[in-house]
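Heads up, the thing below is written out as structure tokens.
The chains carry the letters A, B, C and D, assigned in the order they are written, with residues numbered from 1 in each.
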Amino acid sequence: MDIKSLEDRFNEKIDKDIRIEPKDWMPENYRKTLIRQISQHAHSEIVGMLPEANWITRAPSLRRKAAALAKVQDEAGHGLYLYSACETLGIERDQLLQDLHSGKAKYSSIFNYPTLTWADMGAIGWLVDGAAIMNQVPLCRASYGPYARAMVRVCKEESFHQRQGFEIMLTLCRGSEEQKKMAQDALNRWWWPSLMMFGPQDKDSTHTEQSMRWGIKRFTNDELRQKFVDVSKPQADLLGITIPDKDLKWNEERGHYDFGEINWEEFFNVIKGNGPCNKQRVDARRNAYDNGAWVREAAAAHAEKKAKKQQAA
Amino acid sequence: MKDQNLYNYVLQHADSSLILGQRLAEWCGHGPILEQDIAMSNISLDLIGQCRMWYQYAAEIQDEGKSEDEIVAFRDAWDYRNVQLVEQPNGDFAQTIFRQFLFDTYSVHFYEMLINSKDERLAAIAGKSHKEALYHVKWSGDWVIRLGDGTEESHDRMKAAIDELWSYSGELTKPNETETKAFEEGYGVNLAALKEKRDAKIREILTEATLEVPESTYTHEGGKDGRHTEHLGYILSDLQFLQRAYPGQEW
Amino acid sequence: MKDQNLYNYVLQHADSSLILGQRLAEWCGHGPILEQDIAMSNISLDLIGQCRMWYQYAAEIQDEGKSEDEIVAFRDAWDYRNVQLVEQPNGDFAQTIFRQFLFDTYSVHFYEMLINSKDERLAAIAGKSHKEALYHVKWSGDWVIRLGDGTEESHDRMKAAIDELWSYSGELTKPNETETKAFEEGYGVNLAALKEKRDAKIREILTEATLEVPESTYTHEGGKDGRHTEHLGYILSDLQFLQRAYPGQEW
Amino acid sequence: MDIKSLEDRFNEKIDKDIRIEPKDWMPENYRKTLIRQISQHAHSEIVGMLPEANWITRAPSLRRKAAALAKVQDEAGHGLYLYSACETLGIERDQLLQDLHSGKAKYSSIFNYPTLTWADMGAIGWLVDGAAIMNQVPLCRASYGPYARAMVRVCKEESFHQRQGFEIMLTLCRGSEEQKKMAQDALNRWWWPSLMMFGPQDKDSTHTEQSMRWGIKRFTNDELRQKFVDVSKPQADLLGITIPDKDLKWNEERGHYDFGEINWEEFFNVIKGNGPCNKQRVDARRNAYDNGAWVREAAAAHAEKKAKKQQAA
């Protein structure tokens, strides 16, 4: 078949919402875009382990310690699914990791912010996972099969995390004055970065249109962001803490909340590398990888020895 | 207090599980291989789950209305009864593996034998924990073999880990007064019998790993009676920070 | 509270001295050369001495009958006002040296200028501290030169240290509201003027050390208003442990 | 002059209590014994920094933090004096350090015990420095000049440390129940190791006789140990804590306290390497040295560059 027919068939599948599978023909750009998007997502899970891991040893109760550990472990698991989905597109996990460590590949900028109090474990679950779910649920219907299936598993666990995070916030907000202050402080620090998680405004977003056509993006950044604000405001009210945006108010006409201008300078600055923890996060991952080199080599060497012995026997 | 000796016995196992779980949790996000990061979190989770069962029972025996978290947060190092092995630093992956292996070869047999405890609660904790310990010892044993019989570097690192930790191995199977009494009263485990099984397992795995079993029988001890190494204080200052900084709150 | 802005101003300098003193004290017994182990203890001692003067003054301004140690022990990280630079880990000796150099080039000029404060207590603290800061900046500056213009390895390590810490330099000379007001009211220092002197000093020493002054002007900030890096919490959990575990005692 | 005359002259000086100075002739065994003794003492100061340094970051007040830091710094200073005294005998500091790291050279076994609570800072000052002073004061009259002069400086500072340690204990003993328990616990752990600091019993001591003749030892181990017990018992009474020795009681006839049997098996075990912290202490010193190699090399390289420049100018 010539390229033209292949393309037609591919587009037909996309139009009919038939999943593209690894062995199917696909346009090179589709493949590349998917690798970028899925690996970025995988990296976000892995880097995203770090800010929360920071509070496991200091969790205030054994129950919370176990929950925090299980949550971060889930994130590692999500990383695994997503790296595997990426590998079906013909690229090795090792290459993906090297791209992360060199700074070539990106991850969600939200993880360049530090976790400064226990309340951040609540705020991350509530807001960051909440925003992530909003981004991800539509991707359970992504056109690429392995990606869509990975997202189904991810989303199920994420919504559990989100409820858990909200419950941490709720406990704090019902607690002492200091605990409530802790919750408010966390909301103050995580609110705007969470809004930034949906990416640049639609008018500045470069990939959106093509990705929507390919069915690997289902809603625009601004649509999802609006949805997030609409969902979060009543939750903050329920908690009894205040979203740090004086322009946030219900717009009867639009049927949505209006909200203030995002500090896009900060957004692009953090993406550029100038966030509070960019260097620290990438260094931590690179160190884990580099310090683990001898372990991976040993495992490979032993596996080979074992295989030889079995062959000989 | 219903039974001081039983309380001490329970507490010493609770503390060992907690501190080892805490140490393993320090690896979270920093493991050498993503799959092993997950494995360490898994074991850490099991240990924390186990210590909760132990602490809950300890709280009942103590009968002062304390929660598991109060028992954890408001004791200084000298009231902790964990073995010194578990408070040793993670070091490199080889050291973490060998520390785990030394603990797992103990705990798998400990729980196996504790299933026959005349104390039903202990038997129940043992039943649940034994299954987990079987998986743990499989994991750490496999890694001892893989690293010992891997590359020259990994072999050397395993040797260094053994050198670092061997002298903390013996405390696990050397009964203190609490354990002797617990065995005599029929709810504790016979550590002499356990030691035989464990020594055989250690020898088996180290041999397969092309590593030597050290000859030294000198062992650090005292952890089970509250005498620790200098590491424990630092572990507790993080572990207890929030409860101490904001006492009496729900979290 | 007599004067909230003065209190904040005093506290932010107290906290920076304390935390840097605490970090340096971690080296004690582990320095690369015995003489430098002693030098680092010396500087740490000076910083702790300085922070005590600051805290004692803070306690007077606050006027709630708190001791210096109560101010130190019973605030969580968000109430600490030190710059983020001083909470960065020691790293290797190059990193410790460069962190110290960035701080010293600030503090020597800060105290030099603060001598003219219209607040007599501040002027007195400055007079005493300035002499010490002169010695500190000589020491750290000499080491920047020695390591930068030493071996290839030491040069590379200095470059890595600069890379690690440069973005924490600017906070020292970027006034927050407290500092702006303190300057306007005549008791604080003019950070714009200080910055010029400090930049010149940094340039002079780095040049002599055959190192480049980075071009990036991006700076982390927020420490002076209570927003820190993830390191501070761990520092405080050790620093405050005893006071929190046994509150209200004499030691 | 022949060896015999040199020896006679050396012995005459010793007999007349005239100091031996670095340039003087001395018997090779005297030199070797001195190197062993002084370097062992220097190493003890340096290794002895570690158990106390362990509590500096956790000192309970700023005043105590500064005092602890100053004390450990003094110990580093003592190490310096003593290494210098040793160097006058024709051996380099670097060689001495290597002997420490290889295990060839010894240091006082007391530092192989851990510091487990803040009270240990008191107990070490009170008991360990107290015992050290008793060992050291006579050495201010040692026959070798540089050694004797170093000891004068050391002893002056040590007795300050000893008072400071006692004062820490006193504060604890006047404090809460828990603090008093902390003080008692520290006494329980440090008492016997302190008695061991005076070395084996006279009947088992190998070097004593020759060293006494040479004037580099002035009292026997057992004499000093007895003196230490006699001084410490009333101090413990003053503190209101109990020395952990049921056989300790006043012997009217001897005019001394009788005391129980020391566990010499523990003593020799710890010397052999099987103490709670032997490996940790030597590893810490070796790591400090090894990790500092590049710093020392850089300092040397820079000094050389500078010297060349000055020559050229």
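A few comments on the model shown:
By definition in this document, a contact is a pair of C-beta atoms (placed from the backbone, for glycine too) under 8 Å apart; a residue touches a chain by one contact, two chains touch by 3 or more.
Quantities reported herein were computed from a predicted structural model and do not represent experimental measurements.
For the interfaces C-D and B-D, the C-beta contact count is higher for C-D.
Averaged C-alpha coordinates give centres for chain B and chain D that are 37 Å from one another. Separating the centre of chain A from that of chain D, both taken as means of CA atoms, is a distance of 58 Å.
For the pair chain B and chain C, the distance between C-alpha centroids works out to 41 Å. Shared contact sites, meaning residues of chain C that touch two or more other chains, fall at 76, 233, 237-238, 241. Residues of chain D found to touch two or more other chains are 58.
Chain pairs that touch, as defined above: A-B, A-C, B-C, B-D, C-D.
Listing the residues of chain A that touch chain B in their complex gives 46, 49-50, 53, 56-66, 69-70, 72-73, 76-77, 79-80, 83, 118, 168, 171-172, 174-176, 178-179, 284, 287-289, 291-299, 301-302, 305.
Touching chain D in their complex are the following residues of chain B: 76-78, 164, 167, 218, 220, 227-230, 233, 237. Of all residues in chain A, only 51, 54, 58, 114-117, 185, 189, 269, 274, 276-277, 279-280 touch chain C in the complex they form. Partner chain C is touched in their complex by these residues of chain B: 76, 233-234, 236-238, 240-241, 244-245. Contacts from chain B toward chain A in the complex involve residues 18, 22, 25-26, 28-38, 41-42, 44-45, 48-49, 51-52, 55, 68-69, 72, 92-93, 145-147, 149-151, 153-154, 157, 238-239, 241-243, 246, 249-251.
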